[in-house]
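Residue numbering begins at 1 within each chain, and the chains themselves are lettered A, B, C and D in the order written.
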Amino acid sequence: MKKLINDPRSVVDESVEGFGLAHADIVTVHPEPKFVTRKDAPVQGKVALVSGGGSGHEPLHAGFVGRGMLDAAVPGAVFTSPTPDQILPATAAVDSGAGVVHIVKNYTGDVLNFETAAEMAQAEGIHVRSVLVNDDVAVEDSLYTAGRRGVGGTVLVEKIAGAAAERGDTLEEVTAIAERVNSNVRTMGVALSACTVPHAGTPSFDLADDEIEIGIGIHGEPGRHRISMEPADAITDRLLGPVLDDLGIQDGDKVLLFVNGMGGTPQSELYIVYRRAAAILQDRGAAIDRSLVGNFVTSLEMQGCSISVLRLDDEFTDLWDAPVHTAALRWGV
Amino acid sequence: MVLDVQWAIAWLTLSAKAMTEHREELIELDRAIGDSDHGENMDRGFQAVVAKLAETPPETPGAALKLAAMALMSKVGGAAGPLYGTAYLRAATSMGDATELDGGALATALEAARDGIVARGKAELGDKTMVDAWSPAVEAAQAAAVDGPGPVLRAAAEAAAAGAVATDPLVARKGRASYLGERSAGHRDPGAASTALLLKAAADAAGETLPESPE
Amino acid sequence: MKKLINDPRSVVDESVEGFGLAHADIVTVHPEPKFVTRKDAPVQGKVALVSGGGSGHEPLHAGFVGRGMLDAAVPGAVFTSPTPDQILPATAAVDSGAGVVHIVKNYTGDVLNFETAAEMAQAEGIHVRSVLVNDDVAVEDSLYTAGRRGVGGTVLVEKIAGAAAERGDTLEEVTAIAERVNSNVRTMGVALSACTVPHAGTPSFDLADDEIEIGIGIHGEPGRHRISMEPADAITDRLLGPVLDDLGIQDGDKVLLFVNGMGGTPQSELYIVYRRAAAILQDRGAAIDRSLVGNFVTSLEMQGCSISVLRLDDEFTDLWDAPVHTAALRWGV
Amino acid sequence: MVLDVQWAIAWLTLSAKAMTEHREELIELDRAIGDSDHGENMDRGFQAVVAKLAETPPETPGAALKLAAMALMSKVGGAAGPLYGTAYLRAATSMGDATELDGGALATALEAARDGIVARGKAELGDKTMVDAWSPAVEAAQAAAVDGPGPVLRAAAEAAAAGAVATDPLVARKGRASYLGERSAGHRDPGAASTALLLKAAADAAGETLPESPE
């Protein structure tokens, strides 16, 4: 394991510290307990958005803190959800009285820790709503699992709900929009290589030189099944098919197409995947009205990608286009 | 024979030792069907428990477990943090202000812990989670309650160890391993394995010598 | 070699096509000969900026085409500079009569191909100036080499000169600013792993599990020397020292600090490097007035980073802050 | 004996074959001290030459080389593209409209090619570049000029091959390999190696049988 780190146990501390130094115009880093807030938090009268989860998915979530998106992000240890004693003060720090929406990726750990923090916040008089993101179609039998995971779609939920909060929507409205984004987005991912959690020191799974993992999450866990390496177009077909079927995308639909890198895949390859995905959508008669390509929800240095499709309506498109000013997404400002 | 706060402190101290010693083994188990962090999380959490114990020495077993619950809740994170946190908190509540615990009180505390985990995590027996170690432990403890705390802990530890081994062939239905579907079979659940280690530490703290743990 | 590609020989074609589809609001892709122009090119009365080079450094250069930065980018094969018959039509396509600045990274191939194209363009009556970027301090004895390479600093030259062109500077002025940025920026890089050129199929060099290459360029070539793996802070010291010494950074200087990922290194690690670099600059009494962290000048999926420092003056800072709207850098608009 | 356009076409065709056959070897040489693309670039370039030859068959050796120069310039890229492009263009210019070339004309054309490379790339002998293959080739060609074109090409090819081998111990001072400093010693220069292959193709096209190339 070769990494640009000093000590596996200080990775998150030092990285978040560096992040705060590099983006001091946008965020404030609170070191102990650790969380990151928008520089101007709490924003009076605005509903606040708080998200968080294990580290190792950068820029998710701290990279999305700022105007038009998150008010706070709570980073846990690598691939380990943060604890209530981080989530609670983050929630309190950004609440202006208008209430706080917790955006939680559906993993047992995230759900339990955010649940506890939300209860404690409610007890302190903060109005908290929680929205679970569960966009991963790789998890098929949700009856026999912990349910669909929250993966790439999280960025889209955070951007669109963040814009709704910024324009002055109420707590109920922001919650409803976040839930509506979640119901209209699906994702599926592939890994060409594993990643190495710093404190573990060995790759998260072993993959032969000609094998890939289909249906991975974002924690370096193995996927649903392992297949032989295939050309990018064939892999794209495998990922996008279930996404479109599950969403029921049909002729005339407008969509946002999001090709997300897992961290170690060059951008050029993401565009090769995008190219094929665009052709498939065109075949289905869907119009790609918006797009996003890059490393946004990563698994450390894993090679691979995920494809997300969000069914757009006019409100989603407007909110997507609304100004955003964060370290990792910025436009209109 | 009864167990007091010294036993509780010894239990938690031995637990921390066990988590450090088995850190890599638990990471390796979690690597196979999870995300490679369970050993790291538990080790970090129990180091915090030990630090807190030194800071504010508790006066009752219940206080010791409550302190542990708080430290675990705030330092472990992931799924295991809230689950063990709840377990230790419920156990602490069930112990109340008692300074000494007999076999019955211990069995009841273990049951409260297990019920807390089930209440939070909604896992059923056979879902390949830590519940598969806790549940047999609780049953064995209840059966041994009349024999006193030593035998209770010994029975619980043995049953938990067997329960952890028994998760090997199961297909996970809760937690991160459930995403693997059938591929989760053939691996031991890391949370069940850590539970077995923690209950062994409890028995060790009471001076019980256990047979070699099953493989 | 596992890559999200279809055929090593179609990587650049398909990737640039996908790029064009994903960013159709910003760029136009010209397939044969291949180059990418700003959607609204030629911009009347504006000096145009053209850059290019081998592919494999994405988002450089096509990702920087758009308002406030490049008017055209010319991608060659992977790590192979483009040919005059691509550079010439790209130059002609964006010239509005105000002239064109070629921004050329100092490599024999890029220099020769751009030189030929510039001659041909001049012969067609287009006013062309060329600016060589050579910011790499790893190349020490420029007398005995092809001279310093152009690496990470290229982005800063393109951004600042692009803003100067956008505000209406003349051909001579834009050229002078680009040269001035180049004289005030220095860079040095490290590789933790090699990269694999698709058509080659094997890693560009072999590195043991505990070795790293110091002083690499951006073409997967080995560096100046190989050392044993070190903590991130020690590596940062090694890279930043020569950069600051060569630039002569001293108490009271204002700088832009740019930590660039080589493609396969997680963002969290770049921030760990940033943290240390910020501390070193603080020790020297220099103020970090602007910063940039991310994958901007890459070597495919190589793990590693480069650190660039640009000495700022008020004009540079204003031009850096000016609106930019490209696929990879966007603000103010 | 004189050489005509058929020889020139055969030369370029055999060159293309050689670049395809030695593609991986040239990539491997470039991998060691460059960026792993020389074999790919040369192969792509000469495939384009062959395609152009089929499209518009040239009528003189000079026309054939000019066509090759244009194709190389527009398809090879990198350092080698403009350098070989210039070399072939200068050689073509030196051949003029001649339909047949004798030994002297060939030696002069090779010299023009070498001078073109030096004019563009500014490399000196010993800088570990393709010049280290071209320069001895030109000298050997000039010495053999009176013996006719076959011997000229044979001498050039042999000298180029020896020149390429002689780059092994050199420290590069031009091109990408120069960034490696001392580390470039101990590896053959890829451009010198491709030059040796191209000049061997020229001799092969003239029916000259060369001894096994030196290692």
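Rule of thumb we're sticking to: a contact is a pair of C-beta atoms (placed from the backbone, for glycine too) under 8 Å apart; a residue touches a chain by one contact, two chains touch by 3 or more.
Keep in mind the model is a prediction, meaning the values are calculated, not measured.
Shared contact partners of chain C and chain D: not a single chain qualifies. If each chain is reduced to the centroid of its CA atoms, chain A and chain B end up 32 Å from each other.
Per-chain Cα centroids separate chain B from chain C by 54 Å. With each centre defined as the average position of its C-alpha atoms, the distance from chain B to chain D rounds to 74 Å.
Across the assembly, chain A contributes no residue that touches 2 or more other chains. In chain D, there is no position where the chain touches two or more neighbouring chains simultaneously.
Taken pairwise by the contact criterion, the protein chains link up end to end in a single open path, with no chain closing the loop.
Interfaces, counted as pairs of touching chains, are A-B, A-C, C-D.
Every residue of chain D that touches chain C in the complex is listed here, in rising order: 27, 31, 33-37, 40-41, 44, 73-83, 120-121, 171, 173-176, 178-181, 183. On chain A, the positions that touch chain B within their shared complex are 33, 54, 76-85, 107-109, 112-113, 115-116, 138-141, 144-146, 149, 197, 199-200, 202, 204-205, 217, 219-222, 224-225. For chain C in complex with chain A, the touching residues are 2-7, 11-12, 14-19, 21-23, 55-56, 58-59, 63, 192-193, 209-210, 212, 229, 231-233, 235, 257, 259, 263-276, 278, 288, 291, 293, 295, 298, 300-301, 303-305, 330-333.
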